[in-house]
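The structure is given below, and queries will be raised subsequently.
Should a chain be cited, it is by its letter among A, B, C and D, assigned in written order, with residues numbered from 1 in that chain.
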């Protein structure tokens, strides 16, 4: 059944359909309509859950960490400086292997204050041990929330579902509302391997020494390094899980694409544009325009940023003459983080073939600066025609 | 307050194993043991970084027999909220949720989360064990370090500021139950924990905790020092129930005796107060006397 | 024993001052021409009485390797009871030296393959007027007697500098007495 | 228990004694109970137990007579200080070490 709603509501509906039972979130533009909608569902009895009006984002994640440790399926959502304030807890949640799903409604970070869209907030959290899934439209938002819970609970690794503030969060578009029965089929009730409780007492996350140490059964327990290694190992293995989630979702709901890369006209393309989120759909218009000019170009939307699908990306781009990366964030002091990750994947996987695609980086839409499609198209065209390499070019800069 | 406990009436069940990493003569170890006896087995604990984190054991060995969640420094009370919420969704309304944090974790870095949980009326007990400094990191001053005390970062002239009155801050949240206790009066602590279980919302305990390395005395004198703090009228034992303050145990007796041990004896027994001048001690004695005049007059 | 590059591991208990002792020896070594000096206390929850370990590397040239000592030339044991608790001689180089504070006689120990220097530093320190258990300055005297690296005088100056406001003369006396009374068995 | 099951992927501790090792080795003095003066020992019935109440290490047994677990007692001396009849005295640990009475 199709409905027309904004991206925040799509996310809220996804959380409700997943039967999360503890919601803790602190208001921050542009995330607020999401948490308001959840409060409506709960107060109106449409959703059986505890809504915790926490006093900060740091506490929002604290509530989620504790509730998840005690066996509840939890949810939170935030943006920009809320996510940055929560950073200490974000690291804690992955270290504690808690399957928390958090919606990140992408917004520029301070200073200075800016409530509009870019992706600096979530991209800056790429090293925290969380998975990061990016959405290009409302259908992907609601579907990705549902997949995220399945992936998180299978891997015991928290997942961020990221979508563009305002451009998606506050924009109304039609999307199919999955039926509750199908979601219940896709996502079984939350049965963690261990639930903190008086019935089975344990002391979680206490000081862990550098070296391994014998436990009360005389067995050698892991040290801190092993625990962190196993997080990394499971994160890498999660690429496989993400594929299974896509497969399982499409079997039940009848829709699905490549789990890692959403491809538009790339099969015969010589050049491919790459990005994350709604900009990749806007780029389709530029691709169509350049195709009309006889330029063989396509666009790929990266749906999974962490764990980085380096193998899939390299395979998809093998033989292309060039890749043009469009990012709404950057690793200050160098270049777009996605561009760096892309080059690394291509270098690792394709250097031996002697045919490395050229990579050009663009930075656009920082702090909600409008990205005019015509400018996207001209940038894409110039990047294809020129061969010189320079650092990322900023589109729409008034300097 | 219900019937007064005696040593013999205390339950024998122990919830902490021996061989912890606490310092010899640790006041927290005494209060924590008795507190857990009062809480009992159907309890879930939340602990931020503090001496207790060390006392309760390093992975993979836990000195605490009860389920316990270690959390980040500023999030103790928020984590308690999370546990309560999860239990509620599981239809569990019997398990007691108890947070145990130090004075720094309570009065400084964790105050915001504590205020949020208190204002939300979450049903849990928050124990602040106040050894009056960041002892686990090497005796740095905290918000509750008393004025004049030497610490690692107030090394020569002692702490210039006054001790932050956290029980008053928590009472201002209109909590149903606020209490102060001392490791030197374990039975008073035990009875107050039992008493508070009948009250709704967030309950706040502020426990005075003598600390040998932090305060500078021989470990064997821990109980004497803790009692001196109360008998000098410097640290008062009381309950604030729905806003009304009543002195308890040894402080209640002082009300009847109307005679305080000179606070000088308390200061001179601890090397952390060695830079307090006689004038400063006189000034503090004056403040104590004024406070007690207040108690005497309200008691009538 | 290679006098150009030496690794010394100190075993003591929280509150016994092993770190201060190693620091004094480090300072004296530096002052006497060892340009490479690294003194690394063991990190963890040092509680009064709990076993702790400190490592001291001394070299004629700058030291770049800061990883823990695995094959010490010397182990200094500030409390004989530690012999039962910690593997104090673990990794000690063949022919390495053990410096041991113990009330027991030198002959009661049989560390074959290693040198041994013993003294009742606890008693000596009390005799020098220090509180019971403060053995960190005395043990320096025993160490110097055992390995004859820097000369007792430069160490005494280091002790008096470190303790200049806390009974320097008693601390240096403890080191002198320990230096004289330490039995090295050779 | 495989090295990759959930509980081993996190810092998940189970409870048991001696996290700090044999903390009895920390002490410089050890408490010795004189049973002729100790109230419950002398009367042979449940009484006093102040030492049991105040022991931070929970190594004083609530038995008649009370005994002290020297494996973990850190020798803080609170029991000796608080005993109303001075039945507990702290004695230099070294004295016992020599006699091998560990």
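In this section, contacts are C-beta pairs under 8 Å (C-beta built on N, C-alpha and C of every residue); 3 or more make two chains touch, one makes a residue touch a chain.
The shown structure was predicted, so the numbers you read here are calculated from the model rather than taken from an experiment.
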Of A-B and B-D, whichever chain pair has more C-beta contact pairs: A-B
Centre-to-centre distance between chain B and chain A (centres being mean Cα positions), rounded to whole Å: 43
Centre-to-centre distance between chain D and chain B (centres being mean Cα positions), rounded to whole Å: 24
Euclidean distance of C-alpha centroids - chain A vs chain C, Å: 56
Cα-centroid distance, chain C relative to chain D, in whole angstrom: 32
Contacts with two or more other chains, residues of chain A listed in rising order: 201-206, 208-209, 215-216, 221
Residue list for chain C, restricted to those that touch at least two other chains: 47-50
Shared-contact residues (touching 2 or more other chains) in chain D: 11-16, 20-23, 26-27, 74-75
Pairs of chains in contact (touch as defined earlier), listed by label: A-B, A-D, B-C, B-D, C-D
Parts of chain D lying in touch with chain C, wherever the complex brings them together: 20-23, 25-28, 74-75, 94, 97-98
Chain C-touching residues of chain B, taken from the complex the two chains share: 21-24, 54, 58, 213
Touch list for chain B against partner chain D, complex: 7-8, 10, 12, 14, 16-22, 24-27, 29-30, 33-34, 57-65, 70, 186-187, 212, 218-224
Residues of chain D defined as touching chain B within the complex: 11-23, 26-27, 46-50, 52-59, 62, 69, 71-72, 74-78, 80-82, 90
Parts of chain A lying in touch with chain B, wherever the complex brings them together: 21-22, 24, 48-50, 52-56, 58-72, 74, 88-89, 92, 196-198, 200-209, 213-216, 221
